[in-house]
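Okay, got some structures for you below.
Here chain A shows up in two complexes: once beside chain B, once beside chain C.
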Partner chain A sequence: MNAPLYIARGTDIAARRFGEETMIMSGKDSELFSLNETASLLWQAADGVTPLAQIVERQLCAAFDVDAQTALRDAEELARQLAGHGILRVSDQPLADTDAGKAP
Partner chain B sequence: MNEPALPLHADIGIGGIHVRLRTDDPGFIDLLGERYAGFLDGAGRVDYEFDMHLQPPEGTDPDDDVRVFRRDGLWCMERGDFRAEWDPQSRRGWIRQEPNPYSVDSVLRIVHSLLLAREGGMLMHASSAVRDGRAFVFMGVSGAGKTTISRLAPAGVHLLTDEMSYLRREADGYFAYGTPFSGELGRPGANLRAPLACIYLLAQGPENRIEALGHADAVRGLLANILFFAQDRELVQAIFASAIELAERVPVRRLTFVPDSRVWDLIGNEST
Partner chain C sequence: MSEMGARAVKFGIPLSVQLDLTYRCNERCVHCYLDHEDHGEMSTAEILGLLDQLAAAGVFFLNISGGEIFMRKDLFEIIAYARRLQFSVKLKTNAVMIRAAKAARIAELGVESVQISLYSHKAEVHDAITKLPGSFKRTVAGARLLKEHGVRVSFANVLMTHNADDYQGVQALSAEMGVGYNVDATITPMMDGDRSILQLNVDAARLQHIFHDDSLLGGSSDAFCAPPDGPMSMEDAYQTLPCSAGHTACYVSPYGDVYPCVQFPYRVGNIREQTFIDIWRDSPQLAEVRSISVGDLQGCSSCVHGGSCTRCPGLAYLEGNMRGPSTQDCEKSFARTGVASKNLLSKRGESSPTPTPRSIPILVTA
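Our next item is the complex of A and B:
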């Protein structure tokens, strides 16, 4: 069984929710990102202490008709992509959350 | 020992902010006079001051891209053709460059963009114009039609710029100011100020049409066109918040147009 994965919002960003879309601007290079509904749900739920599997089960599987295993695999891939841009932080240990990047 | 003060200066007022450039070269003063005609200020008000050292910048490569960063409380600005530092506390700085108008033009754009970012304003890749006392901004990437729509402006329309629009957030709303920063038109804008009525995101197409933009698309359009250099977290947050607020308070529309003067029949006439 894989170790649980934890995700937290990046600290060096500015973010705002527009309906189902979340717009995020990187504080490092000013690059602008747009998260779709699925990625927005993941980002909003990224509190650093809830395991990703639990987020997927509660947020994604509840909202979309998708099996938990497939959703978790896709979510892990997405989380690592977002982490590559500094939008999320990913760890196998709980992370300190920050409200710095939380979209109002 | 302090260096002797540079004896000559030109005061350049853009957007109500007055920058004094000091030099000891009378030829460069003449060059600044030509470049910033209409924006030279003789009233003596000085908000910021720069000593200009007209020599090749040390430690840069001619091909270097622009870098703007904060170091020990100073703003540092570098490109292949200039280096500059500026202390926002003392409001003084220096610029090292060859005696050409292009480098100082870039430094001024950077300084103004930093100043405006702190107060909710911005420089924007956009042309702008005043019609019947109201300002209209036309933003878009290179080739979108900023200069074209400026050329098509009818009599009675005052062009603020065909290249770089200057927006300030003031107590009673947003205002657009004229700038000397010109594009293909090759002439400075009118040194005027007017309340901002509408921002158009330009696109060229088969007919003249104005469409509403959703809030997210409006913010995206603004952010894509705001002039912004600094790699600085606080300023990124400020610019992001400024774009959101601007899109909330001023109508942002998509303007598709064919390049003839009839497009101006639509400007300022659509209901907001």
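Our next item is the complex of A and C:
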């Protein structure tokens, strides 16, 4: 069994929710991202202390009729991609809570 | 980005807001359009409350400007609060008051970028415009400190009669320092409508030279200065918005007055009297601004400059008619392309030429 993965929202970002989507600008490279409904759920739940697998199970599998294993693999890929832009932080240890990073 | 703008128009979101914290300033620039007296600036609490409202309304880009923003002792409290609300924050300053500690704090707060006004690469020219001795040295030092702390910096180079020939020097200085460079050759009337400072505008010949300088346009001056394509089709004109002012952007003054844009002093509400969202959604004045499409513009909708015109509705308003042409922009279009706009021809008592058709339809008969 893989070690649990934790995700937390980056601090050097700008973000705003537009309906079910979230616009995020990376402070690292000023690149602009539009997170769809699914990715927005991950973003909102990225508190640094809830394992990603649990987020996927509670947020994604509950909201969408998706297979947990596939959803987790996709979520990990997305999380690492966003981490490359400083939008998320990813670790195999719990991260400091960044509730202030939640887009209003 | 254009997708974001289109979505903002569709959902009526004020994507971008310029918030002037103060009109007070440590410089007295000869071309400034502001009255620098404090007529009752918003308090810290009022500004923080406004930021909450702007975030709730969906504002993403927050441009904090003035006056000189460092005249506000609560500036960092305001920026920190804005960043906690996840705005993309840009600052506009003359950087005269920026020392190492302030540069470090700006970097720490994750400010997206800082735009600094620089008028010349020559201290005597810059200082003569700002009327603040030593300002050139301090402005450049402030910019260097910000760069050293990893902050994105750009120089805003406003051109006027005093410095029109210095832009290449400012460009070279920007390149040497590794900072961005923006040039603007528009001096606007004062917010109270006083047009006397317009005499500082660069004359037509120098403006033409600037527009044709390839160094400013990355080698695309030929396309930029090409003759206009002719008027838009009326169908397009009625679907095209004159600019983002009042549609996805607006401006809030230090006194809480809301305008479509900093260059469009048509008061549409005040956040001391109404919430921001009530003004944004229900202001009759904003509704009027939003009702105007390019097709409604008197003298512009059939002008040859059509889709390539940079008409500013605020300048048109200051000229007396927000549905009319902006002569300053007509003059810029003329300097750029050598083709007079319908408005300029009308002022000269000439009629518009019939635009050359873009393609000649060929009728084929059997």
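Keep this in mind: the second predicted complex is superposed on the first by the 102 of 104 C-alpha atoms of A that agree within 3 Å, B and C clash if a C-alpha of one lies under 4 Å from a C-alpha of the other, contacts with A are read in each partner's own complex, and residues count from 1 in each chain.
To be clear about the criterion, contacts are C-beta pairs under 8 Å (C-beta built on N, C-alpha and C of every residue); 3 or more make two chains touch, one makes a residue touch a chain.
As the structure is a computational prediction, the values presented were derived from the model and not from experiment.
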| item | value |
| --- | --- |
| Dominant contact partner of chain A by residue count, chain C or chain B | C |
| First (chain B), second (chain C), both or neither touched by A:Asp29 | first |
| First (chain B), second (chain C), both or neither touched by A:Gly19 | both |
| On chain A, the residue positions that both chain B and chain C contact, one per complex | 12, 14, 16, 18-19, 23, 25, 27, 30, 32, 34 |
| Residues of chain A defined as touching chain C within the complex | 11-19, 23, 25, 27, 30, 32, 34, 100-101, 103-104 |
| Residues on chain A engaged by chain B in the complex (per definition of touch) | 12, 14, 16, 18-19, 21, 23, 25-30, 32, 34 |
| Chain A contact footprint on chain C (complex, rising order) | 1, 3-4, 7-8, 11, 13, 55-56, 58-61, 84-89, 110, 112, 152 |
| Residues of chain B touching chain A in the complex | 214-216, 219-220, 223-224, 228, 231-233, 236-237, 239-241, 244 |
